[in-house]
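Got some structures for you, see below.
Next, two complexes with chain A in common: one pairs it with chain B, the other with chain C.
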Partner chain A sequence: MPTKLPPVDVLLVGFGWTAAILGEELAQAGLEVLALERGQFRDTVPDFAMPQIQDELRYAVRHEMFQEPARQTITFRNNHAQTALPMRRLGSFNPGTGVGGAGVHWNGQHWRFLPNDFRQRSHVEERYGADFIPEGMTIQDWGVTYEELEPHFDRFEYLCGTSGVAGNLNGEITAQGNPFEGPRSRDYPNPPLERSLGTLLFDKAAREAGFHPFPAPASNTSRPYRNPLGVQMGKCTYCGYCEWFGCANYSKSTPQTTILPVLLNRSNFSLRTNCNVTRIKLDRSGKRATGAIYVDSSGEEHEQPADLVILSAYATHNVHLLLLSGIGEVYDPKTRSGTLGRNYAYQMVSGVDVFVEENLNPFMGAGALGQAIDDFNGDNFDHGPHGFIGGAYVALWTTGGRPILQHQLPQGTPEWGSAWKQAMAENYLRSASLSVHGSVMSYNDAHLDLDPTYRDAYGDPLMRLTFDFHDNERRMSRFVTARAEEIARAMRPRSYTVNQRQGPYSIVPYQTTHNTGGAVMGDDPSTSVVNRYLQHWDVPNLFVMGACVFPQNAGYNPTGTVGALTYWAAEAIKTRYLKNPGPLVDA
Partner chain B sequence: MRAGLTVLAGAAVLTGTAAGLAQEAGFSDIERGRYLARVGDCVACHTAEGGEPFAGNRPIPTPFGTLYSANITPDRETGIGGWSDAEFERAMTQGMAPGGKRLYPAFPYPFFTKATRDDIRAIKAWLDTLEPVRQEVDPPELPWPLSWRALLAGWNALFFEEGVFTPVPGKSAEWNRGAYLVEGLGHCAACHSPKNLAGAVELDEAFEGGFGEGWFAPDLTGDLREGLGEWSVEDIVEYLKTGSNRFSSAGGPMAEVVERSTQHLTREDLRAMAVYLEDLPAAEEVAEPGDVRDLDELLMAEGEALFVDNCTGCHLMSGEGQEGVFPALAGSSVLQQEEPHSAIQIVLGGAEKPSTEAKPTPLAMPALGWKLDDDEVAALLTYLRNAFGNSASPVEHSTVTDVRSIIEEREGTAALASE
Partner chain C sequence: MVPALTRRPGADGHFTDAERAFVDAATARIIPTDDTGAGAREAGVTQFIESQLAGDFGDAARWYMQGPFKDGTDEQGYQLPLTPAQLYSAAIRAVDQHCRDFFGGRVFADLDAEEQDEVLRGLEAGEPELGDVDSRSFFKMLRANTVEGFLSDPMYGGNQGFVGWRLIGFPGPRYDYTRFIGRHGEPFPLPPVGILGRDGFI
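Showing the complex of A and B:
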């Protein structure tokens, strides 16, 4: 029997970005808040101190900051005809573990989704007609609009000290920014990062090709910054070790550099690390969460009662926990009934490697130092002639020039030996990559459920992912990759290589840690797990955060939208739920 | 605190009795005592690592041996629960505990004696409200004859002058309030002044900087390089209120002082302290900016290379730091102290700015002692003490070795304590 602990007002499961935001919002409102984190405590000093943190072998290759598959992983299959097998080594995506979650090892690529992205189905039907949506595609509206989220996008950017330049300031299109973005109420808190030579070449080439390049929004600080909580950040040193690493210089926005100095000082907030939540408990009615069961590092089981339970772990973990806890009806792809696990989506990425004449010094980089075009993202262009839905941004990111994994070589270069060495010497400083970062729509055959065979370290069934790319995404990707190729040619390189995604989705090579869906939000309880405030339809004192609520995935990195949704939910909890605990939307 | 007062005042009106009014006066005294205990930073010495606040038994290292701080919670047997107000006052102003037991002057009664008797009684009134904690205190670890407390009578005769602070005529009320706090309960000079062989403050060199806990507490006089000559009153207030200003960040023992004590003081009191400190004359001849010293060129070149490799990410190539985040090395008084011990401490062991309400991030510098040897630290600091217009004596290898052993001892003790 688990030991029953004294109750708290709010229980946060997982302690990354969404939990840090909610912890601060709800503790500030006077509630007794407890966060349970399965990993360890870590902070800038000593855990991310230089030069130990700049260890590519330890972090990027050996995955020290990531979830350990030996403890928990998923099983995977491309379709229902296959038997899913466990992912024994992380590949396609890298969920984090430890305080700050993946918010510690992200790059800081901080986007807002487009206004139309939040009305995906309505918008497509209005512009192209319902027939434009292919059979099997299950896209839907989010139930929340860009206009409603705008103040929350803004709050998250000011929390993070995001560096960028507005493209649409209250409806006015500006010359330097992204002209396709939704209107923003004010400019970014910090100016764009210093440009790398690569981004300048991209900018020039993209203009020549007739596109509209702009500095990509970066949650890497371009100058010293103090955020609205009073938390201080130093300016980025362009060390080139953002992705897969913690930041040594207080320059990448993470829970540690933006919220925790204030939150951890609050007497009504507490954090327990090395505590792995295995179940959310419901009362007998099944309509009320009573708390959670967790296992600590000594293997002891505890029951933590709480009035309000918020799932704030990684997207896939939140869905896994709902599945393990039996909360909601599991989606059945045969009958199309049930909502839990439905509408899993991902990201469709491709790229063009360019080998240029110029010496680009790629090692002077930052995780979100990039130049991008948004001309072919979302519905920023007429899809009518193309017959697909969705899009991608094309960007040249100068994230760094690390020795082991970060280099491009022309096609046909041998993989070892003196020819490889020579090619490396010729190309290390003179190459870059254009990335095409595309949307993935949701489909009735892409979903999450519990695996019938394999179990995790706690003896619980692993979650099973069934997913493959569809024709719509392949055509989108081919189209936008061809646009990237136009930019590559305009860079007048010595040569370039197009890396189109071929064959079925593979879980082995890294693509992005942008897993979405499985507990999606919406206006209709028959097609969504949570309502527009991220509140569970069946269990009103249970909220679910993170990208698992995305009904399908847009052509952007998700963190900006995840942060905005979290502030949006926090406001609803503070101003409405606490006054009258119960459903915020009638089912 | 203000909200609490309002509520209580309301209660007194409701009851409308003499008892109610008396209680209100008592409450004000207690609140004042709590504030004054912050000024004195009592909690710092009287709390052991991981122990209950004010229950004492924290080891206090002195050049003569280790002492253990008293339990000042109102526990009758192990704390000061049995002490009368007069006995408490005697301890604070004369260094004498009940029964005539003399206290070692590591307890700063030579400063506390300057506090008004009203203020001392307020502190006692507040201490009386604490939860009594039973905590025995270890006896001092001092060699004979220092273990013989009667000797302290002689110490007192030579170095101690009892008596409350008397305002200096001709100085403003603000200056006098500042002097009262700095010289009295604040006991700033206990660290920031040189001490004689008997551990007493050298009065004629007060505030010129001094050793404490292996750090060198900087000069607070008007000296332009080592002291506060460049700092305005507002700079001092910002430093004490928030833990950093445009010149410097608090680190080492001062970080604790800011976190537990000065950030909680009113802006008026901090301003008064700053006005008084600003008026302290520079110790000797003020060093001319740009003093050129005879320095080994090779050593300076090595130091510069180490600086570029290890420091410029935060402090920038110009040594200007990043305003509001990382302190400047150019013009840094910590770097240019006559004694380089604090700078060595920071390089070897790292440092952390206090987390204050105004600036909550405990911005930290990582320790570099694991990768720089004593020669390298000496070269680096000799360079930093003489780059960007700074000027100070070269750092000796042996000084780095000494500080390293102090840190190792401290960390060894901490490791033992956490086991």
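Showing the complex of A and C:
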């Protein structure tokens, strides 16, 4: 029997980006808040200190900061005819573990989704007709609009000190920013980062090709910044060890550099690390969460009661915990009934490598130092003639030039031997990559459930992922990759290589840690797990954060939108739920 | 998390003499010493791989190693029941046996460079069948570890004298490029430095 501990007002499961935001919002409101984090405590000093943090082998190759598959992983298959097998070592995505979550080792590419993205189905039907949506595609509206989220996007950017330049200020299109973005109520808190030579070459070439390049929004601070919580950040030094590492310089926006100095000092907030939550507990009615069960580092089980339970354990883990706890009806792809695990989606990435004459010094950079075009993202262009839904941004990022994993070699270069060595010597300083970062719609055959065979270190079933790319995404990707090729050509490189997305989705090469869906939000409880305030339809004192609530995935990195949704939910909890605990939307 | 060296005492005793000879010979073909300069041998790649295999990586300490083990699709990734250390020793034994059978009793390390390349190309393409050991998986791992040893920080035993970084023009991990980020196209003026400093090797 687990030992039962004294109750708290709010229990946060996991302590990464979304939990830090909610922890501060709810502790500020006077509630007693407790966060349970499976990983260790870590902070800028000593854990991300120079120079030990700049160790490509240890962190990027051997994955020291990420989830250990030995403890927990997923099983994967492309389709229902296959048997899912465990992801034995990390590949396609790198979930975080430890205080700050993946927020510690993200790049800081900080985007807002487009206004139309939140009305995905309605928008497509209105502009192209319902027949435009292919058989099997299960896209839907989010139940929340861009206009409703705008103040929350803004709050998250000001928390982070995001560096960028507005493209649409209250409806006015500006010269330097992204003309396709939704209207923003004020400019970014900080100007863009300094440009690398690669981004300038991209800018010039993209203009020549007739597109609208702009400095990509970066949660790497371009100048010293004090955020609204009074936390001070330093100017980024372009060290080039952002993503997959921690920042030693208080310049990448993370829970540690933007919230924790305030939150950890609050007497009504507490944090327990090395505590792995294994179940959310419900009362007999099944309509009320009573708390969570967790296992501490000595293997002992505890029951932590709470009035309000918030899943903030990252998209995939939130869904896994709902599955393990038996909360909600599991989606069945045969009958199309059930909502839990439904509409899993991901990111469709491809690229063009360019080999230029210029010395680009790729090792000077920052996780979100990039130049992008948004001309072919979302519905920023007429899809009518193309017959697919969705889009992608094209960007040249100068994130760093870590030699083992961050080098490009021209097509046809052998993998080893003198020719490989020669090509490394010729191209390391003089190459860059244009990335095509695309949307993935949701489909009735892409979903999450529990694996019948494999178990984690706690003896619980692993979560099973069934996923492959569909024709719609392949066509989208081919189309936008061809636009990237136009830019590459206009850069007048020595040579370039087009890396089209080919073959089935693979769990092996790293793509992005942008897993979405499985516990999606919406207005209709028969097609969503949580309502528009991220409140569980069946269990009103349970809220679910993270990208698992996305009904499908847009062509951007998710965290700007994840952060905005978190602030949006926090506001609903503070201003409405606490006054009258119960469903915020009638089912 | 405190700084840790993965180069452990005793690491040098991980390989048998035959294994060390194989790795030394194979990595010297994967990154040869040639006109472009120093290769895997000068970089100390064998020493790097040996200490990696003696540590957590060799033990697959972070990997999910619970059964049942089944063959999967390429998209499902590594499914062998072997840790990297086990894969190396099983594969080396099998490759040396294969060489003895086909090259008049000589093991891999005793072949000439052309013959060695031929064997490596075979492994890369999944030939020969090495019993329980998948030759493609082994080659992939050997090739990846060789590149790691050539291009990782010298404190791990490879990239000695920064030979890998010098070849490509990487100046090592540095804290502050504020004064340089705007000097577009200029060569970076300072010589490589490692996590442990300029000598970079302990």
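Here is the rule we go by: the second predicted complex is superposed on the first by the 587 of 587 C-alpha atoms of A that agree within 3 Å, B and C clash if a C-alpha of one lies under 4 Å from a C-alpha of the other, contacts with A are read in each partner's own complex, and residues count from 1 in each chain.
As a working rule, a residue touches a chain if its C-beta (ideal position, glycine included) is under 8 Å from a C-beta of that chain, and two chains touch if they have at least 3 such contacts.
Note that the coordinates shown come from a computational prediction; the quantities given were computed from them, not determined experimentally.
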{"item": "Chain B versus chain C as contact partner of A:P46, first or second or both or neither", "value": "both"}
{"item": "Chain B versus chain C as contact partner of A:R226, first or second or both or neither", "value": "first"}
{"item": "Residue contacts with chain A in the superposition, chain B compared against chain C", "value": "C"}
{"item": "First (chain B), second (chain C), both or neither touched by A:Y250", "value": "first"}
{"item": "First, second, both or neither for A:F381, with chain B first and chain C second", "value": "neither"}
{"item": "Partner chain(s) touched by A:T237 [first = chain B, second = chain C, both, neither]", "value": "both"}
{"item": "Touched partner set for A:P261, first chain B, second chain C, both or neither", "value": "first"}
{"item": "Chain A positions touched by chain B in one structure and by chain C in the second", "value": "46, 50, 235, 237, 239, 248-249"}
{"item": "Partner chain A, residues of chain C touching it in the complex", "value": "1-3, 6, 29-32, 34-36, 39, 56-57, 60-66, 68, 70, 72-79, 117, 120, 124, 143, 146-148, 151-153, 156, 164-165, 167-171, 173-178, 180-182, 184-188, 195"}
{"item": "Residues of chain B touching chain A in the complex", "value": "313-314, 322-326, 350, 352, 355, 357-367"}
{"item": "Chain C partner contacts - residues on chain A that touch it in the complex", "value": "40, 42, 46-47, 50-52, 54-58, 61-64, 68-70, 73, 76-78, 82-83, 85-89, 91, 194, 196-197, 200, 235, 237-241, 248-249, 358-359, 361, 363-364, 401, 403-404, 407, 415-418, 420-422, 424-425, 428-429, 453-455, 503-508"}
{"item": "Residues of chain A defined as touching chain B within the complex", "value": "44-46, 49-50, 224, 226, 229-235, 237, 239, 248-250, 257, 261-262, 265"}
